[in-house]
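Some structures to go through are shown next.
Both complexes shown next keep chain A, but they swap its partner, so chain B is in the first and chain C is in the second.
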Partner chain A sequence: MCDTGCAGNAGRPNMAPVYPKAGRYPDYARLVDRNRAQVDRRVFVDEGVYQAELQQIFARSWLFLAHESQIPNPGDFIRTSMGEDDVIVVRQRDRTVRAFLNSCPHRGNRVCMVDAGSKARGFICNYHGWSFGIDGGLRGTDGKVYEKDETFEKAQIGLTPVAQVDSYKGLIFGTFDPNAPSLLEFFGPFTFYLDIMLDNDEGGTEFIGGAIKSEIDCNWKFPAENFVGDILHAFWTHQSGAQAILGGGVDLGKRYDELAFQASVYGHGIETNLDKVGNTRTLGYPELVDYVFDLSERARDRLGDLRSRAIGAISSCTIFPNFSFLPGQNTFRVWHPRGPGKIELVVWTLVNKNAPDHIKELYRKGVMMTFSPGGVFEMDDGENWEYSTRVNQGFVTRQQPLHYALGLQSADLDRDLPGHIHKGSLNDANQRLFYTRWAEFMEHDNWTDLQNGETAPPQKTASAAE
Partner chain B sequence: MIIEICDSAAIPEGEIRRFEPEGFAPIAVARHEGRLYVFPDRCPHADESLAEGWLEDGRVVCGVHFAEFELDTGKVHNPPVGCPNLSFFRCEDRDGKVFATLTGGPEYV
Partner chain C sequence: MLDLLDISKPFADLDAPVDLETERAITRWLHAEVRLLDAERYQEWLTRCIDPDIRYWMPDMETRRRDDPRGMFAYGEAAYFDDSWKELEIRVKRYNEPSAWADNPQTRHLHQISNIEVNATEDPTLFAVHSVFTNVRNRNEADQDIVHGRREDVLRAGPGGYRLLRRRVFIVQNVLLSKNLNTFF
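Let's turn to the complex of A and B:
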């Protein structure tokens, strides 16, 4: 810097945003062993693996940012994370949504300290008073110093924009990768399953009742894989909680063998029964069960028989990598990574805008009783995930194999549904595909390979091979 | 000396426009509830353009540090440290034209 800078001949700074390039980590990709249905425990504790995840997965994937209903008006904003990157999501004066890194390009300080707000005029850095509009552009600085510096090029400076922002039926996502395929391509035909929650009624959806944040000392992949397809744990982990609320155990419904399935596309996964109200019942309010029975009937025209039976059913879903929800219980959440051994969990409650107010209120209360830090089911899960992570600090322990092999012969090739379909929801199939997707992100530095690997929807693979 | 700034119609209700009259520093012209206001297009704090800010509840809001100046009195609210009040030029809305007295500088109302 001083070679030229101190002589007064320094080149002008290049303040253009930097979007990091992906690399290739084949050694990490091999930590997922598809042939033996095993996952190497180092993926849960290794710092090198974790840094590669931030680069390969969180700097490239479309990540959940906000629900449209959280920022209805120009200047409304929320602060969230993409991986470990602090991000401001703000509604623009033209009603579009943009997102920016929450870091001043001067000395890097945060420019927004609060979690959310409405009608923001802009964001002013607390350090030297650099001021940014809600469009991210630098409006001015403090005092009359920079304005007198002839080399200062204000127009070149701004908050780094999230490269792409788009929304799907009320949910806003963003990616740091300018070359990432569209949000719809990232989902692929998995939107078929998202619509079970996002499009089961006229008028769309909204988040109600604010957000609940908590920390859990676990690797982010444990909760993500749990929601992608692990209803199995409910019969052991949640049995006492279910007993307390339902007066009995979890019941998969009479036609489980015939109807339940797992579906996976690009690592996104849903496991569901078709019992209509099994999840809703656990919130403990009979009125909600009646509401979902009615909704299920009405939704038949929009969604067809199969999906209308899944609205409140025993089911769970993860959008790769770290956004999950439970149909029926209506809890939506992001597992933000905070190092290999910690997550920050943010939880919201989603309802149909057209639902009666007292129904919305019951959802809000029901979700807080079950899936908040003090909720009976969240408490059960957190402890399991913490010890599943922490034990791997043991040098010998982390050399030991893990078993992901339930349902190896369960592929359902007959059922005409989008994605990789496996029979039954008691199955490790979606979890295997989640880790396969994880390995694809470690392996590939380009989206052509990423979108045409093993996790791609089967019909697409077939047409690509022709 | 009073000079012509622009057509009156060039200043819509609730808007601020910037003008650069020959021989004077840039000025801002705003309209609130029908009435015109003319003031230096330079915030008293950091020399930033007030025309790039906006009107809100009868106040000029500076777009840089969000100081608010009352249109009637120039009194500053929410000021960054050391930010004085805003002063205005005498102006008239006459025969479809905006006129202002720029010589002698703005006056604190």
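Let's turn to the complex of A and C:
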């Protein structure tokens, strides 16, 4: 600041976008003990660890922003978060998608107060009336005050863009790191598994309108690790939901030993039982089971036998760090961190665009009945994650690291599938790799190391699976 | 179908208040209904209070600009409840399982109902009832969830008394400030 006595332009603001630099936190990385298959409980409650996560993980990873179908036309937008950063995602006039921090560069107020909208021409800040185009640039200021100020450099000012935005088969992601590798490199060969849901039929996918949002007082990693590979909990946690809908417990079927597996690439993970319709069946509508059986037959040409069996199977998936979905149940969700002990959960339903309307409607209701706050499965998840988090406020309690050692000898080196493959879906393997990825983000300040560590895909091809 | 029974349609202006006796009877019914819910007598609630043709809807509430034609909610999009009898029955079945962990140990429930307005409709057996509620759920030592909202009910008078035929529930929260909804409204 220099109001008097400074010469020339020395005092003018630099309003170029600022992106954070990554650091190195080897002490935090060591909280994940690969050799003993244990995770130190401080990762769930420590404020220092949490701030490092925002810097190392959420400011660098590709994070889920929106489905293309939510913002079909220029000016259509939705508001979301990347970590704790509030972000606007908006379709441009050239039909590309860009995203911006939802904060006015003047005094910082939010420029967009709503969840979503269509055909907006721009965003006007309620505080002093600065207005921004859908391209993020400053368009105007209220009144004539700034226009009379010769030093005011309007062209320099705009909403800070999310550094990179890209989409994969309908799903839009963004990263704050200008140096992050491409979205495809971030996924690596894990796209092989994403296609089970995103490319199982002609015409692509869409989200059903609206989103259910709720708060859970848990660390974000508990739900993320749950979806990356914890079918184990379904037997106990979800007994009541399974009884209510299916009239019996969760059943992995006769061919479990032969078929079920976990796969992991760069911390992204899927566990599946390849039983064709086990997940879909839990939505409670026989018409959906028929639909998925047909779909699975049709999809053999596109996806091959193995993946066509996974479309509706008992399975779950997390894209590192905090985007998860359930094949067959079609719930897609983000676990937004809100401090070490709180998340905001946002849930959508994905359907194939060309599915008949009554099928889409049954998915909408089926997801509501199972995986929404009043759903018979989701109902019983929250309290587990809350107390798994909260008990670690106990100083003595948090000295004992947790046990992630199910299936230590289960690596499957024969099966020719992309990524790290482990036998059986009842396994902690994907969760170990999820936390290994977490530790890699804590350890490394550069993408060369990040993309060439233990979680990187082993070198092999997927050809045999086709 | 009467507009009144279309779950996607709001009540028109309610300007046909019923006589005191009917109002008293329906008010009593509403109080008795939530007493069953507070006592977790869900099966009884279903069989005694709910009409087999029930439509029970609670949409997600969004924050939108005033000039947004979609408004705060839209029928056919995401909802907490959009139930017929079949869906309500599944939810009740879960409550009745001993392994419904979110309800074991038991939750302490309270529904407070007020602002009750009872209106006659063009069908003498149907009543349009508006009310507001406060729902408090408390569990374990200090886990507390509070939900406020309003309801637009259609009650049908029959031989066995009143039954709920349609209910639209509008809560005031956008992000549900709770981990779950282990109750009905």
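Simple rule for what comes next: the second predicted complex is superposed on the first by the 449 of 466 C-alpha atoms of A that agree within 3 Å, B and C clash if a C-alpha of one lies under 4 Å from a C-alpha of the other, contacts with A are read in each partner's own complex, and residues count from 1 in each chain.
In the analysis below, contacts are C-beta pairs under 8 Å (C-beta built on N, C-alpha and C of every residue); 3 or more make two chains touch, one makes a residue touch a chain.
All values reported here derive from a predicted model rather than from experimental measurement.
After overlaying the two complexes on the shared chain, residue contacts for A:210 are found with chain C alone; chain B is out of touch. In the superposition on chain A, A:308 makes contact with neither chain B nor chain C. Of the two partner chains, chain B is the only one touched by A:147; chain C is not. By the document's definition of touching, of the two partners only chain B reaches A:139; chain C does not. Between chain B and chain C, the partner in contact with more residues of chain A is C. In the overlay built on the shared chain, the residue A:124 is in contact with chain B alone; chain C does not reach it. By the touch criterion defined above, A:389 reaches neither chain B nor chain C. Of the two partner chains, chain C is the only one touched by A:372; chain B is not. In the superposition on chain A, A:284 contacts chain C only, with no contact to chain B. Residue overlap on chain A between its contacts with chain B in one complex and with chain C in the other: absent. By the touch criterion stated above, chain B contacts chain A in their complex at residues 46-48, 52, 61, 63-66, 80. On chain C, the positions that touch chain A within their shared complex are 59-60, 62-65, 68, 70, 73-74, 76-82, 87, 90-91, 93-94, 97-102, 139, 143, 174-182. Note for the complex: chain A touches chain C at residues 113-118, 208-217, 236-237, 239-241, 243-245, 284, 344, 347-349, 361, 364-365, 368-369, 372-374, 376, 378-380, 382-384, 386. By the touch criterion given at the top, residues 121-122, 124, 129, 131, 133, 139-144, 147 of chain A touch chain B in their complex.
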